[in-house]
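First the structure, which I've put down as structure tokens, then a few questions once you've had a look.
Per-chain residue numbering starts at 1, and chain names A, B, C and D are given in the order in which the chains are listed.
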């Protein structure tokens, strides 16, 4: 349930994305580069049915609905189970077959457990998780599971209406 | 395609709703009463397949996603064809069967043609049409046909982020 | 759950269709005329959401899947509630807007209650109801509510595999 | 388009299934064991979007609609592209996540090309492919791509109506 207008916010910066590898981009992407844009980060696993039927189609819909100079859509492949099945080679085939075109980070595996680094840094509960980062790089919303398109759209719309970084 | 942040806007007031009758409300609703809220006005015909499969479910989704004190959802039954079929009695049965709970105006029939008054005043091209009115009562967007939930959500989110009417 | 092969059956003839009016056909249709074909009779109300979202699309799908000389699809508008809303004029508009092309009978209103004649004769519980009649005119299946397409297809396939009327 | 009743048919036996491995069954399954039942063989690839959104849900729907003693549903994982991505370990994870419970054969890889043995033997054009085998083990229908549930149901219903193997 989304309420009315809110005052200027105070929120921490979103943790950096630790990637073992990036797909769909010639160079690694950093959140710092994306200052000035709203960032939609969709964390998924290629063998997670909720991601395939809901989360990824929503990310594609967001990519289609907004000017890429205003809203950057990123994928984050955060494998915390079935590690042998969801390899980089498997993800490449998946991304090719499902025709995903936004940059996708392979979340950096952790040395001390099944949950990869970025997933840990964001304290995600599972996949799909949708993260919204404002024009100033601050973490503003994080949703685990299914969120209605209208509600996600409204959150993005609000972040777009906020002032971005002012030049020094 | 929705771009970045926009400056304060200049837009005309939305035309008033001319209703022959209101359903789902004890008293007629006026746009003037709703100043301070974003208004989502969904114009439909009960026998329009695009309204039944897309437009009305989207209106229900919007009603579910937002605080009613922030976003008011209204229906407008704008009959411009099959007038004998889409009578007030028929609409009442439809609204009951489809469990619609937001206030619905029956657009005032015109004496000089098939297109009712409010539909004329808004120069709508047909149904479904989605109209967005800002907190100040200004007409800010009007979409004929199917619009993606994410995009509509973003437009509502932006209007919610604008300042409303300041008390005198 | 559909079992294996069954022996030759004994079943009563399907009651005749009592129609006040037929749409989408120059002449009234009788079940007797359709001997030799499997008949799929879909009873609906134009303001019944389950009919609009499930039953009628299934009837259209059946019409599309089979040779009309083998399977005849008929609609039956059995109004047992909201009689003032679901008039013949309203049904005509509905059939036009939803582009239904199979013959549709308006079930004959009853003098002594809200339930029309054919609906009474078949002892239907409500709408949507799907009735299957074999090549010999016998009532072979009747389903109230939602039935899976695969299961309905299998029932039609079995009836198609039975011998029809033998010439005397 | 499915026509009326057909005479007793003459059709070749379905080729045997060459499997490198079976999932969801303690013992390998052979078509010979299934004589007396109609067999629905669904050939898929786990990273084929048409299989995930259409073919596999249809196979699950068929499994749900029929008595398993009358209709046996089998999966066939016929990998002809992205071999490194669609390994047995990956398929196991996929089957677990998508909760598939029918027996699934991993099609035997071929020494002389990317197309596996069973896929070659059936001359399949790609995935998804739906194969229908009658009670006598004969190949009766093979559909590449999307086939409507009603039409597939009708084909199964017809095969169920045919006599099975007579005991010697």
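The working rule: contacts are C-beta pairs under 8 Å (C-beta built on N, C-alpha and C of every residue); 3 or more make two chains touch, one makes a residue touch a chain.
Values in this document were obtained by computation on a predicted structure and should not be read as measured data.
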**Request:** Tell me, please, which chain's centre (mean of its C-alpha atoms) is farthest from the centre of subunit A?
**Result:** C
**Asked** Which whole number of Å gives the spacing of the CA centres of subunit A and subunit B?
**Response** 33
**Item:** subunit A-subunit C separation of Cα centroids, rounded to whole Å
**Value:** 50
**Complete:** Taking each chain's centre as the mean of its CA atoms, subunit A sits from subunit D at a distance in Å of 38
**Request:** Pull out every residue in subunit B that's touching 2 or more other chains.
**Result:** none
**Asked** Looking at which chains touch which, would you call it a line, ring, star, complete or other?
**Response** ring
**Message:** Applying that definition of touch, give me each pair of chains that meets it.
**Reply:** A-B, A-D, B-C, C-D
**Prompt:** Which residues, counting only subunit B, touch subunit C once they are in their complex?
**Reply:** 47-49, 52-53, 81-82, 84-87, 89-94, 96-98
**subunit A - residues contacting subunit B, complex** = 1-5, 58, 61-62, 64-67, 69-71, 148-164
